[in-house]
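Below you'll find the structures, each written out as structure tokens.
Both of the next two complexes hold chain A, though its partner changes from chain B to chain C.
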Partner chain A sequence: MFDFNSMGIVFALAGAALASALAGIGSAIGVGKAGQAAAGVVTEDPSKFSKALIMQLLPGTQGIYGLLIAFITLNRIGILGGAAVELSPAKGLLYLAACMPIAIVGLLSAISQGKTAAAGIMMIAKKPDQMSKGMIFAAMVETYAILALLISILAIFGIAGLNV
Partner chain B sequence: MNEYIYSVARVRAKETSLLTGQDMEQLLNSDSFESALLMLHDRAKQGERDISGICADAERELWTFLEELAGADVLKTLRIPIDYHNIKASVKAVFSDTDASDLLLGGGTADAETIYESVKQREYGELEPSLAAVCSEATSILLRTQDGQLCDIYIDRAMLRAEEDAAKESGEDFMVRCARLHADTANLGAAYRCALSQRSLSFIENALYDGGSLSADALAKAASGGMDSLYRYVGSTSYDSGAAAMRSGAAAFEKWCADEMIKLAKEAQFETLSCAPIIAYYYLKSAEINTVRLILSGKLNHLDKDIIRERVPEIYV
Partner chain C sequence: MKVPMSRITIYGTKKNRKAVLEFLQRQQCVDISESDAEGAELGFVSMNTNDSQSEFMREKTIAERAINILEEYVPEKKGLLDSLNGRRILSTEEYYLYVDDIPEMMNIAQRINDASDEIAERRGRIVRRLTELDEMQPWMSLDVSPSEDGTRDAACFVGTFPEELSEQSLLERYYEDENAPALHAEIVNALPQQTCVFLMCSKKHAAECENRLRAIGYSRMKTTFDGVPAERAEQIRREIAALESEIKTLEKEIASYKGTASSMRFMADYYAMRTEKYKALSRLSQRKRVFMISGYVPSRITPALAAALEHEYDAAVETEETGDDVPVLLENGRLTEPVEGIVKTFSMPKRGEIDPTGIMAFFYYIMFGMMLSDAAYGLIMTLGCLFALKKFKNMESGMRKTLKMFMYCGISTMFWGVMFGSYFGDVVPTVSRTFFGNEITIPPLWFEPVKDPMKMLMFSFAIGIVHLFTGLGIKLYQCIKAKDWAAAFGDAIFWFMLVGGGILYLFRVDMFLSIAGISKPIPPALGTAAAVCAGIGALGILLFTAPKNKMGKRLAKGAYSLYGVTSWLSDILSYSRLLALGLATGVIATVFNKMGSMFGGGVVGAIIFVIVFVVGHTMNLGINALGAYVHTNRLQFVEFFGKFFEGGGREFQPFAAHTKYYKFKEEL
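Our next item is the complex of A and B:
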């Protein structure tokens, strides 16, 4: 029979899953867009492969941030060790809410960063000496993923001390 | 909306091989046709030794490149002027019983030889209905009136209509803007020539295409009132710089038309996802080919470089 009081662990696990899934999807799309631009440039000028590859990797970080939050959450709720802790529904929802910043910001920022990286790769095609500027433009988008990561980490570690 | 990231990245890489303003200046300053050819060979790796060979090779290479980048729906608008050029050349060649092979261009939606044979046999079954109708009507006009200019006017108007319709069908805003600019510059050019030769209002109305962003009626009325009236009208539109070019003469006006297209193509340099840079590349490369043809022909005919320079459009890169 359905028991709402046992749903805490489900909510927490859903948070971990969303953090890794959404941020991962965002990174996959972002790296894909940058990869298309890289392939286009390398088709015409194979010597730009390494520069294009570095730019292509930039939108991949959000997926790593999502994975990190998922790991921390799984560790906190005991699923990684195989001994799940008892979680109240409120605490489970708190973990779910704590995972949301990196899940949502990771998804959207990775897609935006992919577009910026693609534009940077196109810039390299015409002006290879301006690569660092292209990287800075793409890195600016990263700022918001890092802020979201920070909030998710602070929230997850803060939840443990709450008595709910 | 379709994304063209891969294609645009290829265009960006390819743009680095376009001839720059400095290259064109060097070509202009070369001592002779031979030294211009040599310079072109070094810069653009052109193997051909004659103007038509160089330009034909470049055009073939351009179309091969474009076909790898975009689908038929996007390229159709760019191919339409080639089809109508081939119709014009075929109708005139058949009518005057001359060889059209040197005049036919590749890259249209229909094979140039098929158009020629269809016009020659007056059997248009192998052509798409819209092209067949234009071939049939153009032939009929020429047979009926013996007036090549009327035939040209009919084909040009049909071309501009087909181009604007295809651009709208493609759903690409940039393509629509290009087609509209082409229609406007064609109308301004026709109005300019009509005003110069003091044509009647009814003739001018018939010569202008009823599309683009300018009012064909107002333009026709202005052109029928003489050059000053035309300059005043053009000066009051968004093409006010065209009025100044018209005042400077036909060569300056032709250069202005090419510059306007290059200016529009330049706007696509900030696009990364849409097909605008692909379309822009077509116009830029075509302008480069035409400019090289112009400079080499000038050199071959020992024209003064200042006379050639007057006609050389602004270069994008």
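Our next item is the complex of A and C:
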């Protein structure tokens, strides 16, 4: 029997799933792009492996932020640890909405951070001593993922206190 | 702090030229300048040493190539941490032993280079022979040479058709014209795209026969080889075997030079040193009997250096306090020195800018610690760095500084971990609950960010405001020092008033108070004072950003500058990463603990827990330490330096021996 009033937890879980899935996809694409560039540079000079690897890792954080939000959500709605909480559909949708910033921004920022990291890896090929500048360029992109993460976190923590 | 520099000019007699240069190279304290026009007017000329320099470079390249070749054929065993070991120190005796060996070793280096070239050449020949074998493959069953043209009465053709044919189909096609002369055909090899054939006819019809064959698609074989294919193939295989055995011999020869690797490294360093010396020599101006050389020296060692030069080498030394293009050398205390490298990767401070290392170090450690914020992770980092620092005494100074920096960052991480109550995330409660059935928690010394993220966010912003105001304070200091009063007010004081007053006034705004969870606003009088202060600041910025311009332009420039208040907003918000990254570490650690404890207590559960724990926390520490490093750098470079620091100074690069493999002792 389909009962809309019991759908709260479904919406909330959908939010958690989207946060980890979309941000994870973004990071996978970003890390992949950077990895291709890294492999090219390492073919020429294997000693640049560790530097290239660090740069490759940078777009990976969005996936972790997504996981973080998913985990907090799962914890809050009682799927992970503790008894399941009664969730009204409105509250479930609130959780879904709260997960959206990191899901969407995570997906897109990781892809574009991947491109920036790939360019930074190209920079390492020519000027290995300028690596930290390449890292900063990539970190500039990540700022927006961090801001999205922040809103997602604050929203999820805030929802618990709402009476809907 | 920037080390004060003096410009010195050394005059000496030519017979001491070499000795003086060597003395300076050993002292490693003079940044030699290009010879200037002043010397040229006095009849000084500089020596052209390009030829010698390129000759030394060539020898260095030969030695380095020999090192790489030896590494390829007879690799030396290397441990994971060997890269932490610094260059080996060479005693004077060893140095001269190596120098004596150079002519012989150079021959060997050349021989290693040649042997490697010969191997490459033979490998190339083998590839060409293999291609030939490949091309011959379809012809293997042909038992005459393809260039064979027949006997006294018979002519023969060896060639191909561009399709698959059988003997019968070929002859059918040939005899479509009944007048065609008799032909004998044998199929050597038939493939879909090509049929190889051997054909024979009577000699007097040879030309006609060939024309008719051409008409149905025959073409003569393009001979790439000579002789009966099977025999030729055998010959090629023997050639390849011979080449391979030659390669083996050459490889053995290279391997036999294994013991010379250390000499090769010495030569690479030796010629690098000589190149550097001759480069310095080219910057020295000289006349018939005297020479002069000038450069920058840290002021505090100038008297000692001058005295040594005057006594030992009969030189005259002239010292000036300043110059135009003063190179920058950073020097800091033990606690702050490790982050010099971070400043260097940004840029050296230019003229009129202070060295931000000391102030930055303090914030650097705090912020790194807040982002990683786990006591156990901090302890691991601290102990790991401490171990490496103790074990590898001879480490290069750059590496030593980096490790020290991470050690201090680790200590700060421990501090914040204790403050926020995070030890491998929540491993203590998880383990005690899962395996001992009795939950023990370690309460945080201050508060848990996960429980009260708003408080943590406000704290992050507060740190950020302190950080940014410190940067602005340095700007003010630099302006005052340069007596640029307009900039002191327009770029610093008014901003302090505007931003400081604005922030203080927020504590009267109900919306802000409810977000921040503060129950009591500040007294109204203070709020009004703050608002007035901010107003004066804004007005000041509007009027005094460009005081020298005409009124219209002045106001326009002021308004544009005032618009910069938005960047203050985004700068402060940027510090929210302190919260976000701190939470990320803790929550992900918690995820791994939970995953590990899912299999319950008991022996199996414990084993699984240990595996998940080790793998998970290693990964979490690695990724979050990297994140903390990158984002701490960002906060310093973009937000903090953005307020006062441009950089662009030239780094002090003393004339020294920049070697790669060995360190030479002082007395050399």
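We take it that the second predicted complex is superposed on the first by the 163 of 164 C-alpha atoms of A that agree within 3 Å, B and C clash if a C-alpha of one lies under 4 Å from a C-alpha of the other, contacts with A are read in each partner's own complex, and residues count from 1 in each chain.
Everything below uses one rule, namely that contacts are C-beta pairs under 8 Å (C-beta built on N, C-alpha and C of every residue); 3 or more make two chains touch, one makes a residue touch a chain.
Please read these numbers as outputs of a predicted model, since none were measured by experiment.
In the superposition on chain A, contact is made by A:Ala125 with chain B only, not with chain C. In the superposed pair of complexes, A:Lys33 makes contact with chain B only, with no contact to chain C. More residues of chain A lie in touch with C than with the remaining chain of the pair chain B and chain C. Contact with chain B, but none with chain C, is seen for A:Asp45 once the two complexes are overlaid on the shared chain. Of the two partner chains placed around the shared chain by superposition, chain C is the only one that A:Phe71 touches, whereas chain B remains out of contact.
By the touch criterion defined above, A:Met140 reaches chain C but does not reach chain B. Look at A:Lys115: by the touch rule set out above, it reaches chain B but stays clear of chain C. On chain A, the patch touched by chain B and the patch touched by chain C do not overlap at any residue. The touching residues of chain B, counted against chain A in their complex, run 3, 5-16, 272-273. The touching residues of chain A, counted against chain B in their complex, run 33, 36-41, 43-45, 48, 115, 118-119, 121-123, 125-126. On the chain A side of its complex with chain C, the touching residues are 54, 57-58, 60-61, 64-65, 67-68, 71-72, 80-81, 129-133, 135-136, 138-140, 142-143, 146-147, 149-150, 153-154, 157.
The residues of chain C lying in touch with chain A in their complex are 342, 345-346, 453-454, 457, 573-574, 576-577, 579-581, 583-584, 587-588, 590-591, 594, 623, 626-627, 630-631, 633-634, 637-638.
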